[in-house]
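Look for chain A in each of the two complexes below; its partner is chain B in the first and chain C in the second.
Up next, the complex of A and B:
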């Protein structure tokens, strides 16, 4: 286990005492709230102990605090299933939930041809009315599925439950089963009511369970490719997955399925034929990787394509797994071809960005991964935190055995998965796995964000608007990263703000070309002239030098 | 094609809404509440509602949109949201210190039957509401009405909670601007000011959702109608409400609560509706219309005169909210354009009749879809193509597939700026709308012209 990096005064924040900052953040809030928040605001230092400190995470959001978090429906429909183009996703509920999750996440998709399915531009909703709340909405849902089928003849239809559905007791799963039988296509439902869990994270889990239960494993045909992997937890925001696909293809690695950027139903159905699961976003997708390992024998590894060095490291890790000289050589060739150009830009951009300071409060893995990109242009991450991650994403998977299962987590089903009697096929022998591990290769492991952050950085889970404003005031960072809701309050404070959910219409930022895009984008932002124009000339020097001509 | 699965053939669809031309009540309530000075909107439900509304409003305005949530969990959904709301009220007043918390409900809290006034009384009894501070509320279940009725509801709540009548009228007129942009609210106020009329405009999101970059962020900016001004609405001479659906309920509530007589007009979009607004303002306040306004009117008229050939007989498809569509349709008809497909997801009982009346002399059949969705609108367009689309950003997918120019108008506009700053109401707003329409129509003519008929002067 890595200890916290000991780099006193390396943050450019030496004048700021993190303990004092923490007290400032807590000073104004009611005592009970302060007690809770104190556990979620951690100073990344350990003293004698080489381990990172414990952080409170995945706990209930404090009402009224002004949180960044969204809901379970958003995590399930919006994040995990939203990027799949050929499933008709029907939102069962009042109109809003379907409307707000309609095309707003920038998951790019590229159907193979002009006649292929692409429903991502559509929003389907049962548009529940008051009478449905009173009398139940199952009949309406059935009709909606029938109408969708009649109009589009899709290969699959899925149903997403919104808050009232669970409360009035509509049995979406039985409607799905019934319609599946009737229509002869796959129809499945998600009980992803917004109130479940404490954040969108619960929705990820529910989506993982649903897609694993209803789709993964339906198509056993082993398609071509020598090195066959799944890319899990990559959502193709701004075309990230396209860039990763390009690199992997160059290396001769076949992506059997991506969960779920630029994905299709058939890829999910076939995912269990891959020989390795690689995980980008640990938080949102580790469940499906775990289940595929148990049921089908596919090992998983954590990788990260954000940051050129991380990208190269991840490619090497995949090649190492396959233990094939040809692949290892090919990967080295690709890295050798791609990296110099990226490093050239990094060096050029570093001249203007070196030493500048970033804060990242976003998602469940992005706040970690993007630190790599900042580091490559000489920028330091001085505070970071996740919106909906769990302790393992902060402190590493070593804490998993010690996580308390609270009432909110217990509400989310843990599927009981067993080895498939016919299809379980260990991809490597136990001896090979052991040998690889003894050589330092790490399966199903993730160290989390905190061990890689420097000493005295502040790590804050589920940051509030109040805390955000205080941090900006105290540290005056050079760039702040979060989501759309935070964006303009930060920029109004005179600090550039980069959205790391939607990328502000930019990207891709993954892979080698993505790294170059990101360096240039951050360079543009932190060195923008606009910040120099905030004061008008008469505000800069208000003194009068002459009297009005007509006076 | 981006909407490749939309068939030309229109089949009967009873339940499935596809590509809605509406969204849910709470977002309208949140938008209206942002138009109160020193007010934090609060969403009583799952935190996702609040996140979605803030995100959508933020994308539309490119401005900070602050609001809090009760963050329901499964427990709160079973046992009721009282504890969550009381705690939220305490946290909000302690940490953010607004004057007003404007609570709106959601489908979740409505389904379980949370009683907001009772919870607010409990918060008060527990000492969680500091003296001189307010918690107001509106019921906005998402399974009733749309974003428009949510806006109307919160606007009416401002009357219900604040309007007082002291028995003595003061020299001012209430104007309820409707579900329009901050720029529109600013313009409506300017017109009244130019005419020398003292007004209380509510809600008023100008100065809140079109703020300047100053390098300093204030959660509660200078804009918004003050509580004091809202209280005084009960003593005003009269109320002019713009937009039947969005402003009617508040105007009528003010009439019955404080006996302030009201006139409910169409939104002042276009020549004739602005004429009616200005004339009503003149008559109600007993003032003259100054030259400034006459000049603006004359300029709008001048553009219509000069560019009439480009408007004449052009077919238009529109989607949006009833108040806007009524005024806009009238404007288009007044310049001899043909609005032939009109869709709204918001039900308004008088809508169909009003549109029929306005379009009765349009020499073409007119399709009115209410409630309708953009899928239906697209199908109509496939069957009877148009020259121009007017509607929100989601219409750009139809625009691209069918190669028809789009003027962005309504909510939400996620991909262009301007609506926060430049009005479409009043004569000046009419000029801007015409400029936008002409820009896209003439660009199209330029693009499609044969080389020999490519015009320098248009």
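Up next, the complex of A and C:
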């Protein structure tokens, strides 16, 4: 079997030669740039070797090229820690970095009660001034931590370093230790200076390492629930995690912690008591699952709740893991109850969307998972790519042993993790794991995006503004998915644009109800009449102008 | 003077943005310009995101994408490579290079790198019609987005404008006002039969039309030729009572080219607008056009009608300092009792400026605080029992907490539609602000009524 999907004439883009498109994208850029970009622009087809081609990913963006990517700090503070409501996050640096990451992502949170903390609407910063840059900012940081503590008495305070901090050599970790001692609450710091990594992905890693080191495992109490899982890499944009929680709860599955949507400090502290780790966004968190397995004996599986079918499949996979007839039956009941309604809408919407074409350039897993939703309403994904993913997210985990370590990846500390002498408890015996695997169950597995895409689709890593414009010109897709930075440029080209970071204030799109929301939203967008007004009547038919002129 | 007793060392919910953001906005008001941040890519991404969410328009900001290695060895090579790529891709007329905290901290000598670039890449520049390279130093650890904005304008004038035979086009530096404000200023100038360069001009570049073909570089903005000729302009008008001419473009034109500088308050409300119109009238030797006389008349009529709603309403106003001064001047005219004027900026001149526009109208001057954040604003304001909050989207949580109406003005507005089209300036802007404020007050009363009257 070939690794990519082949279905002749299925894309509706047969007149476009992907090789030519690639050449067009690379034309008129300096040779060195072209050489680098050529590796990151790949035509999804297999040759002699049945595997998908290699793609360049997780390499630095070329200076002067308008990228979608953010910085390490953005990944650390904005993405991973941002959605955790009860940790006071202090940005150590000048004001901008903190300001720009102030409640800009649409993660939702639901405090447990009126007394529960919610600091997500706050933006704490040391707001460094010239004298702090010259004489060091540690003193100010200490005061800031004290002030935050005095004001809010939180359970935990975390500190995020921005670019200047690393350069002037502030030791944020020692300040954190000192204040932890002094205040008697958990205080920890992240060296997530923006320049450190290639993209926000580096920041995810630094953040997750930090949570793993400083928080996970602090609370050993095993709370209720028969089937206890963690949901990793789910950020609750637009309430996705709420919908997933609803379904899981219905199935009788307990979510011990979510990393990190609607998340809380206590959940992180207790995460190691779960019996299974399930991964939504492979990119931002697979290493945490690995570490939890090594240290605590919790196996992990890849799941995906985007797309009704994928959702059903994921539920079955979880039930299969627990090997419990009662759970398996319950999951089937839930699916049988939820799915027909979703399918009914899918069918209705397909009548208007069938055959339309989508492009997705976003995130580190979304560009993959949302293809499921499009497919369910008969739409084709013709080009896709990630903003900050690595090769394994494109080609699958099989490439992991071959990934090159460079100066940037070396920058991110790899934690050395060992089995916890007291708390390591394999959730399944080696025999059980093997048996399950021999029956086709797959642990720690992710095949990546490319094998699931059609032949001759274009896969582009870290797409630039310029390349985006070219693609729109050539393919004229029916919908383009990315983030807010791309939104208005795409719409100015007359193409509907769906934001898959903030959901354009919509959502949820995960789970069964989410799927329905998404179908309806895409239906609205690709069938909107607004685009036809762009050209005025006299632009459409020049004779009109002539007539008016004669009048 | 004007310095508050700042109660905290840290900043909680800042009431200011960072310096290069202001510079990027200023550059965006120049025709064919591409803003470029010399630093690591995160800053550019963040600022694009922020500007786009307000204007709902494309906003490209290039970056030299520095990594750790460059942070240690200097960012020159990346800056040059980035410039080369920008010039090749955009065919731009100007690259506006603002530094960031990173490159300022490591002490990169940006002007020197640019000189090297001009030598090393002469052929490239020649083959692309010699775009201008302008640099401005914008470390965010000293100053806010407004300092960045004005410094950028000054840098452009400093590096591009020349003297020459006097022409008749005056220069207006309105400060950071909306595209709608800018369009309106142009209309006023036209009605006076004058010609003017409004610098910067974001009226089209940040509020463009739906096009069939995407323009890589949004059209609009001040043409470079006009910027070059600013050194021979008959006069410049600069809005902003808290500005220091030593740091502004008009100050530089006055100093280097002896161009008379008319420093005016941001024309919000009646009296500041009167001053602006009088200045135009005297410069153009023509009376105030009837259309504007009429708008002024209608405004005063509305002031009278609105008085029963607006009088005594206790307002908290925050945002950029010059906007705060203008708004306070206007609010005092309509009988609103401004209890607190606050800004994250720290010019040291806010209190005096607010005083100068309110003394004849207010028996009791408002409390004026500079360099504060929303946490401090809340602490002070809560003792003052405000009835209304006026400022950008960032104050929403205070209005929500206090249960008072909230009128959005300025930047950023990312929780309402049309922030780029809000009119603040002139008689017309005052009219629309007045309508908005009065209706917010009425709506609150109506909502609170048990009966649900429909006459107010």
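Simple rule for what comes next: the second predicted complex is superposed on the first by the 540 of 551 C-alpha atoms of A that agree within 3 Å, B and C clash if a C-alpha of one lies under 4 Å from a C-alpha of the other, contacts with A are read in each partner's own complex, and residues count from 1 in each chain.
Please note the rule applied: a residue touches a chain if its C-beta (ideal position, glycine included) is under 8 Å from a C-beta of that chain, and two chains touch if they have at least 3 such contacts.
Please read these numbers as outputs of a predicted model, since none were measured by experiment.
Chemist: Given the superposition on chain A, are chain B and chain C in a clash or a fit?
Modeler: clash
Chemist: Between chain B (first) and chain C (second), which does A:119 come into contact with in this model arrangement: first, second, both, or neither?
Modeler: Only chain B; A:119 stays clear of chain C.
Chemist: Classify the contacts of A:128 with the two partner chains as first (chain B alone), second (chain C alone), both, or neither.
Modeler: Both chain B and chain C are touched by A:128.
Chemist: For A:167, is the partner it touches chain B (first), chain C (second), both, or none of the two (neither)?
Modeler: Both chain B and chain C are touched by A:167.
Chemist: Starting from the residues of chain A touching chain B, keep only those that also touch chain C in the other complex, and list them.
Modeler: Shared contact residues on chain A: 28-30, 33, 60-74, 90, 93-102, 104, 121-130, 132-133, 140, 143-144, 147-148, 151, 162-164, 166-168, 193-196, 198, 407-408, 411, 465-466, 469, 483-485, 487-489, 491-494, 534-535.
Chemist: In the complex formed with chain C, which residues of chain A make contact?
Modeler: 28-30, 33, 60-74, 90, 93-102, 104, 121-130, 132-133, 140, 143-144, 147-148, 151, 162-164, 166-168, 193-196, 198, 407-408, 411, 465-466, 469, 472, 483-485, 487-489, 491-494, 534-535, 539
Chemist: Could you please specify the touching residues of chain B with respect to chain A in the complex?
Modeler: For this pair, the touching residues of chain B are 1-5, 7, 11, 13-20, 22-24, 26-27, 42, 45-49, 51-56, 58-59, 62-77, 84-85, 87-92, 94-96, 106-108, 111-112, 141-144, 146, 211, 213-217, 219, 345, 375, 394, 397.
Chemist: Touching chain B in the complex: which residues of chain A?
Modeler: 28-30, 33, 60-74, 90, 93-104, 114-115, 117-119, 121-130, 132-133, 140, 143-144, 147-148, 150-152, 162-164, 166-168, 193-200, 407-408, 411, 464-466, 469, 483-485, 487-494, 530-531, 534-535
Chemist: Where on chain C is chain A touching in the complex?
Modeler: Where chain C meets chain A, its residues are 8-14, 16-21, 36, 39-43, 45-50, 52-53, 56-71, 78-79, 81-86, 88-89, 100-102, 105-106, 139-142, 144, 208, 210-216, 373, 397.
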